[in-house]
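Going by the order they are written in, the chains are A, B, C and D; count residues from 1 in each one.
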């Protein structure tokens, strides 16, 4: 369904930007995950608006209230529901929007989809605010995956015309990914951060916004996850990622670079397996050892860790592109549903000049949820 | 599940490259679709190998035998199963591959996934041959969609270093898309075709292969299809498209170009609605009229026809990138599972130097199946 | 997933008996259903405990807070979340139960399923209290179905040794079903009510409990809903009904009575169709007319309104059996997980002597949700 | 979808009674199951018609051709498709049925469901013949479950007025279940078999048919399978069982007998656990030992091995009721769609006087598929 996702675990996201509350039910979580609530809140804070001038000054105060599925410090295995109250909503800002369809927004498509009954205030269920429950669910998945030795991290690869360095597809260190999670502007090249900030500042001062690109890496994934065809790891990841408002493209490994490549270049050649003579194993512990991290199986990783839809033990790396925030102060060509005519319109209210920046923890969460689902499919629910 | 896809209609694909047969069960088709079997076969032939020197000389003879769900010239509404016998298989070519993991292929990942029990001959269930049943299912969907006025077409946007012109995102004519389906080298710029052929010829003579990019357009889609979040049209299309062997990236509308754009540029401004005063309607017939085709709702179409995951009545346009065929004659660094050591290996057998070319009808089929599913979700099964 | 149900609409139920809150997310509701909140609360009250001596004296105060998916008096079509706070919980009553597995309860099976991490207080997620969110979701479905002319009602067919009259399988009047909803002891034969009350009183005074049977009828269902095989109406209804704690059997129409019947008796013979010459139609309006109610299509209705898994336009009627409440005051043979030995144990706390009685509105809700899902599958989401 | 079932494994059934072929795709099977094809055929033969006078004299010759997913004697883990050609069809017998809706059959409901496009010959996709692919899929599941020590068996509990003894809910021996599979008339009381045969003979000679009831038992199931609410073991089993044509009721353990029971009687008291001090375990090997079979955990088994939707380690036992075959030679009140009037009609052709008898292996198959799905959910696909 529209706002329910998953196979072995399922999440059901609810809420509107200006309603009473938003939240998520997570069904099928493994029982016995010890949850560090502070760490969950830290993830929520990474997405939270209003931290500095690079994002919207609204204060959403994303405190999550866990009302079920959590007992004596651990997940119970039954549905876990987290609720976030909407407190700093200024619905008045949106009153005039009832019949004004903003360009680049879901207003028009949504109105047709829901026969005009959808909550239009602040985008309603289409709002980027709905990524908060996803970050919450992802934070729980992340704590489980850490016990399995799996690490995920995302950096800003591009903001407007400014590009960061790509990660090393073959050799990604855990420290790098952990650092990304602790940086306000997660980039590899510190200079890029400065220029990106300037790019965003300029857009804001110009009553405009700017697009961007993120790069996400997942390391220490066991080989053998996923399936051919419709449950390919790429299918699972892309389906989730395109649920995040503003995403318009995704590619894996060398991705769009493959178009102009030849096979002799793009095929990743094998090294020897680190443990010679080891029997092939769908979830070899060896892929989780420190040794393997510094001794990858393949010379290159154009495939981005996935062949035939299945993980091959190399880092899974993908890029996601975000459109510039559609909400800008400049006059734009909107549609007035009362007159059915185009109308010049300036969007007021407070908005992020670059949604890609705030989407960093959302990508981490999306990746964690997909990986958790794949791991549970392989391992079942009866083992921790 | 791995090889089952869909919500309102479902397809279940089976078979291995060198097994007895491959095929597909299509469940949930609307009853009463009048099927033109010749036209279905024509679609199969577009994908069929061995037509000329640009693709593999194997003769797969993709004749589909419909064994159920078809009665008196129409679909019955109960499961329709199409079976394709494997006739020109030379399994001997693959005998030595049992323990040789080829670079760029799913051999290694698949062996771990299936504990070594998967059929390794010709890639088994991972083979590109499994796209034949998808083309068959898509051909049926296409015949249904045509009655709804919806047209789909795909052209080669890039082969190696050669690029074709992009479609006009705002104004795509039905004739153009229909033409793509009748061309052996579907391109907009005839010169590009010549150069692409040369690029492929060079790769083949060089015992190499070359990557490529496709662009697919869907026109006359009613506005209001799809849903926010996990059933976004982008999520549905990308999940299917990444099931096609060799796809490593997808983007919609302006896609990756959004990264360096600003909002004032990327937001698609509204024109007046063609029928003034018309009540908003989730499936307005007006969007199917000739008038609307030449009188689109928006000035630009950077969004690729989708906002908030929902169609907005403009053409849906997306690009798909294909890696170069991993099977090449040159010596490569394979893995020998018996010794667990890397081993120089040359792939024999007959292979396409550019899978992107043969993937054109597969993309058309994928798009048709996704759109049919979205239309059925909106309209239900009780009306034709 | 365990607590997520549905195809076209989905409900995701969360909460534990003694946690902070319980609730439900309903995804995929048609937009624009005008909700009468008082009527919803009335349904909640039918299930609410503590109304009289025939049910548990706990006061659960089942006030539902709708936090999303509801705007300007109508459903929006985006996920609707209803939350019920747990207020009158006495968790102390359950402290000693941590390691005591009660007979007839899910304690032991649940402990193994969740590795001992589940919330054991009051049965946790296994509690009958989790039917409150189902009643809420069903009340919304019921308001939608009423607009379609579909009516549902349930009566107590048996309590202990006392039996009520069965409904007339062929001729069920709307008034009868509406009356069931307004009765505290919904029965056809008033005498049965008196005897049932006595049966329950006796059980309670005896520190015991008693089983029961319900009969549910759905009238004015359009013919042609459901599908053969795995989406048979019986499959859909039974799968939901067996999710209700305490249900151990279900049958349709003549049900178990068929075992000793012969075909000439059990086949329902046709009358003439009321509108002669009318073309067959998957959702004939004629089946909704008053005329048809008094002029059913078949002479008898042993099939309970379903043939080949599909509605035939006759009333759908099914019976559900409930085990006696496992919680009784008498000493029972429990299991002590600390010693792994059996142990005499008396259950304290407040419990219903007959859960079948309180399950009446739950059955109405279950039926309403299944029927809504079937209707949406047939009609799609784009029409009201 | 209508003819697709499953969570971890999925089966997709296709075909019509008088079409070219029927069959099934099984997706998600564990790789490496060694298949004994003779044993599979033996299961097919149990269901096959024409063995003696108690069933229809048609010869369906149910030879299954496995065309995928099977390699070197083992399942590959990729979709396994089995196809059964329809050879002894006499479609002429059904020509006059095009517009005649037979009582007790799905003709009328199906015609409305599929707008008149469904294949009406021999019931088309509604035919009992479609249980053949289910028996095939179940036979594969059975071979996997045997390795896990799980045994399933079904006997005729009732045919017309003749009843067999019930199984001992607490103490069911493996031998008894295995014997059921080798008997043409699987009953416990040999006298019952004789009387049942007479009952069927009488019905046939009388141009009539007779109903029946089956009882199915599953032993050595690990405790902890299933989930509360919508994935209760009862929900999963009943949803599948109601897909079998002719089933109109199901109950578990004491089932409908619970209605007149009190709690002190119906709660199953605990014995000591056989291995004292053993830690609770979701899939304890101890439940698979011979010891446990003769030393069950509970004194009684009214719950039929399931509490709160989850297995408790006791035998799972359920009863299924079948209506009498609707096809009988006697004149009946059919509906003529051309005149929209009722019409006396005698069904010709060859039919089983008691479908319950031939349904025995179908119930075994249904149970095996559901159990396999539950086991895979608990254990994942990465282990055998």
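Going forward, a residue touches a chain if its C-beta (ideal position, glycine included) is under 8 Å from a C-beta of that chain, and two chains touch if they have at least 3 such contacts.
Computed from a predicted model, the values in this text were never measured in an experiment.
Participant: What is the touch distance from chain B to chain D, in steps?
Facilitator: Counted as steps through touching chains, the separation is 1.
Participant: Once chain C is fitted to chain D on CA atoms, what angle does the rotation have, in steps of 5 degrees?
Facilitator: Roughly 180 degrees of rotation.
Participant: Could you pull out the chain whose C-alpha mean position is farthest off from that of chain C?
Facilitator: Result for the farthest chain: B.
Participant: Could you quickly compare A-D and A-C and let me know which has more C-beta contacts?
Facilitator: If we tally the contacting C-beta pairs, A-C comes out ahead.
Participant: How many angstrom lie between the CA centroids of chain C and chain D, rounded to a whole number?
Facilitator: Spacing between the chain centres: roughly 26 Å.
Participant: Measure off the straight-line distance from the CA centroid of chain A to the CA centroid of chain D, and report it in whole Å.
Facilitator: For chain A versus chain D, the centre distance works out to 44 Å.
Participant: Provide the C-alpha centroid distance between chain A and chain C, rounded to the nearest whole angstrom.
Facilitator: Result: the chain centres lie 39 Å from each other.
Participant: Identify all positions of chain B at which a residue touches two or more other chains, and write them in rising order.
Facilitator: In chain B, the residues touching two or more other chains are 1-4, 13, 78, 113, 115, 125, 224, 228, 282.
Participant: Would you pull the chain D residues touching chain A in the complex into a rising list?
Facilitator: Result: residues 8, 78, 224, 228, 282-283, 376-382 of chain D touch chain A.
Participant: Quick check on the complex: what are the chain C residues that touch chain A?
Facilitator: 1-4, 6, 9-10, 12-16, 19-23, 25, 27-28, 31-32, 65-69, 71-72, 74-81, 83, 113-115, 117-119, 124-125, 384
Participant: Which bits of chain D are touching chain C when the two form their complex?
Facilitator: 1-5, 13, 101, 103-113, 115-116, 123, 125-126, 130, 158-161, 203, 206, 208-213, 223-232, 234-236, 238-240, 242-243, 245, 247-256, 258-273, 275-278, 280-282, 284, 298-299, 302-304, 306-312, 321-328, 330, 332-335, 337, 339-342, 356
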